[in-house]
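Think of it as A, B, C, D, E and F in the order they're written, each chain with its own count starting at 1.
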Amino acid sequence: MPYVNIKITREGATPEQKARLIKGVSDLLYDVLGKDPALTFVVIDEVALEDWGVGGLPVEEHRRRRAGG
Amino acid sequence: MPYVNIKITREGATPEQKARLIKGVSDLLYDVLGKDPALTFVVIDEVALEDWGVGGLPVEEHRRRRAGG
Amino acid sequence: MPYVNIKITREGATPEQKARLIKGVSDLLYDVLGKDPALTFVVIDEVALEDWGVGGLPVEEHRRRRAGG
Amino acid sequence: MPYVNIKITREGATPEQKARLIKGVSDLLYDVLGKDPALTFVVIDEVALEDWGVGGLPVEEHRRRRAGG
Amino acid sequence: MPYVNIKITREGATPEQKARLIKGVSDLLYDVLGKDPALTFVVIDEVALEDWGVGGLPVEEHRRRRAGG
Amino acid sequence: MPYVNIKITREGATPEQKARLIKGVSDLLYDVLGKDPALTFVVIDEVALEDWGVGGLPVEEHRRRRAGG
């Protein structure tokens, strides 16, 4: 009975893409470990860009610097 | 000093119901383990239906199929 | 289909006590929100004392200072 | 830069199986959302059977009852 | 490659304050453990007051009682 | 009343280093947001190397490839 939490930045993932994530993760746990999808929970969290940091910076600022000269 | 995280689908839980969850969990940790409620944190997350999967499907689709013929 | 994560310090909770936590939380979610226990997951994490901090201190040091003169 | 947490019961998953989960989830996030695997973290938690509950029971007891007459 | 999740009550933290949290935590992990900030993720969750409990009460009610006579 | 969860790979962090993380995070939340350290919880999780993935690989394999020719 796995529980999977997927955190992504909030940038327009559609319900269809989320459904693909849910199906893909459930299939993966069945294929690798034989876990029954009926008892696999998947929870997706979309995180606002200002709430996600990497490289010591909010993600937008981080991208700007990587893209910049 | 327990920390409890409760994730439920977002389907209209009221502030009163949330207060009952907070009280109930805090009481339970006191009754079973003697934990001081003053140091018990409870955080409730309401998750949009499209962000919760079970049985390899978003929860609404999952319910539809179970209800269906 | 709730998911509940309970974090407590590792201080000798028994399997029987954990079973009471699992039952208590599942009952609570049924009583307050009508959630089917068959789809309620509870995961308990026991955290070593050195890995839990409060008041800016590891929990054992924190307790010592509160108990101390 | 997704972060994925996979919780499974501790029942002998091998390092090879874990590597397949890590690769599978990273590929999935790339395929569905174009996420760069270099910035996808996957953390697997194995949870002792006595620490996982479903149906209001620790998972072993839950399985016993489902299997039983 | 640390992952840090900071949960705070939703009470008006600004993007600038969040950026300071992200930088501060990343610096701390570098200073204490030598962790490369490029591989340190920080995710901030703001939690509505009605969704956070302490002392067996939603946080607003808890504050009111502590402040009250 | 913040709650902070720090996940790091299990590679020998000492109790002293963990105490510095706990103090540093609690100080940071006080400095930036005025949060009372008495109500700041910090939980540190050390994750086995085989349970942490990045770049689609378990972290040790990932490091080997980055270091390798």
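Here, a contact is a pair of C-beta atoms (placed from the backbone, for glycine too) under 8 Å apart; a residue touches a chain by one contact, two chains touch by 3 or more.
The chain list, named the UniProt way, goes like this: A, B, C, D, E, F = Tautomerase.
Predicted model, so just to flag it, every value in this text is computed and none were measured.
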Neighbouring chains shared between chain C (Tautomerase) and chain D (Tautomerase), ordered by label: A, F
Repeated interface matching C-F, over half of the contact pairs identical, chosen among D-E, A-C or C-D: C-D
Label of the chain whose CA centroid is most distant from the centroid of chain B (Tautomerase): F
Chain whose Cα centroid lies at the greatest distance from that of chain A (Tautomerase): C
Rounded Å distance, chain A (Tautomerase) centre to chain D (Tautomerase) centre (Cα mean): 14
Distance between chain centroids, defined by C-alpha means - chain B (Tautomerase), chain E (Tautomerase) (Å): 21
Multi-chain contact sites of chain C (Tautomerase), meaning residues that touch two or more partners: 1, 3, 7, 21, 25, 41, 43, 52, 54
Contact graph of the chains (line, ring, star, complete, other): other
Chain-to-chain touches, reported pairwise for every pair that qualifies: A-B, A-C, A-D, A-E, B-C, B-E, B-F, C-D, C-F, D-E, D-F, E-F
Chain E (Tautomerase) residues within the chain B (Tautomerase) interface of the complex: 7, 47, 50-58, 61
Residues of chain D (Tautomerase) that touch chain E (Tautomerase) when the two form their complex: 1, 3, 41, 43
Chain F (Tautomerase) partner contacts - residues on chain D (Tautomerase) that touch it in the complex: 15, 18-19, 21-23, 25-27, 37-38, 40-46
In the complex, chain D (Tautomerase) residues that touch chain A (Tautomerase): 1-9, 13, 17, 20-21, 24-25, 28-29, 31-33, 35, 39, 52, 54, 59
